[in-house]
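Chain naming follows the written order as A, B and C, and within any one chain the residues start at number 1.
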Amino acid sequence: MSVPSTVASLIQANAAALDALDFDGWLAGFTEYAQYHITTAENQRQGLPLGLLHALTKDQLRDRIASISTVNVYEPHRYRHVLSQTWIKGQGLEMQFITPFAVYRITETKPTILFATGEYQDRVEYAHDGVRFMHRTVVLDNDIIDTLLAIPL
Amino acid sequence: MSVPSTVASLIQANAAALDALDFDGWLAGFTEYAQYHITTAENQRQGLPLGLLHALTKDQLRDRIASISTVNVYEPHRYRHVLSQTWIKGQGLEMQFITPFAVYRITETKPTILFATGEYQDRVEYAHDGVRFMHRTVVLDNDIIDTLLAIPL
Amino acid sequence: MSVPSTVASLIQANAAALDALDFDGWLAGFTEYAQYHITTAENQRQGLPLGLLHALTKDQLRDRIASISTVNVYEPHRYRHVLSQTWIKGQGLEMQFITPFAVYRITETKPTILFATGEYQDRVEYAHDGVRFMHRTVVLDNDIIDTLLAIPL
């Protein structure tokens, strides 16, 4: 089975929304009861529940986004996602869309740096008005994250 | 709408031509009256006209290429483009193909470095003998470009 | 001609197998008489036969994999491949699938680094049970490889 173009578009446009700091556009890619997790490969391998960010509904993602604009203090920055080709892992109910990525961190007065590498593990839902994430796990390759993870990945 | 495979091929083959220093192959991807601009995200956000490179016809691109071979003195180098998945932004006449990228700079005696991240914003023209760029804007994420921008991106 | 989705899946899933240290999964992507070479762009340009790794059959790849687990001593690490879009070069018997890449090296206690950039040059074989590599050349952009190349690319 090949990756549907609607799913590929969802994945790329969602990353581009983050890169443009368009958080409403980013949120629009999730269903109301979507789960979103950020964890590390080592945590996932060990089956540890604790990760860097857990949202069990879209409202929790909205709270996270609100806190970026109103509460958190951090150095202004944005990301650039470069996504590898999406591929399909597993079958039936176990099926996931896997998209490896590199994310770069851009600040105004410093050189751009590699921020993180990892992969998206996505399950999606098809509705009459489009396809959305119902379960996204962001698995980071390295346990060392050298700055506050302010913007979701 | 999904990205036509002919457009995806144009975008990737065009980057590969640059990486191979095949400038004729690169030029072949543009229409005769193609516009080609290199600018930064900050410049584009502010609507500033001034960018790093502006070509309003393919002849101006030819001039640029000629100057690389005959006039400019720079340390021999080439690029490696790694392109994210292409996605479609807007509709109708406003439609653009967006392709995020990371470009690495390769020199003979030094480690490869990340040269720039950014995105291509492309409009294309379909002709009987293939598809070509009629308008390409290369938007760099960072204002800091640490070396002479000798080879087009 | 556009890149068949089965070929794109083979290329991405094969890289993902390496990244997950799933060497059996990686080997499964090759035919029994597959050739696999790692070389550099400079070597390839000069037509030099000597490269970093040459396997003329799948058994030689199996030997290489066995030596990773049993003989080699190296710092534990794994890779993250980020693949650019695959494009088609040449026609007929000369046809190759070209996939530029960046590979990052992940170790437990250090920041992730850019390990190599380059491109895959692939020829494939279609069988009733799927598509596999019959000839893969991994062309690295830079002659400087700063660590032991323990895991195939």
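Here is the rule we go by: a contact is a pair of C-beta atoms (placed from the backbone, for glycine too) under 8 Å apart; a residue touches a chain by one contact, two chains touch by 3 or more.
Small disclaimer: the values here were computed from a predicted structure and weren't measured.
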Could you work out how many touching-chain steps separate chain B from chain C at minimum? 1
Taking all residue numbers at the chain A/chain B interface, are over half used by both copies (same) or under half (different)? different
Per the C-alpha means, the centres of chain A and chain B lie apart by a whole-Å value of 27
If a residue has to touch 2 or more other chains to count, which residues of chain C qualify? 82-83, 85-86, 102, 114
Hey, which residues of chain B end up touching chain A in the complex? 2-3, 42, 82-89, 98, 100-102, 114, 116-119, 141-144, 146
In the complex of these two chains, what residues of chain A are touching chain B? 5-6, 8-9, 11-13, 15-16, 19, 78, 80-83, 85-86, 102, 104, 106, 108-112, 114
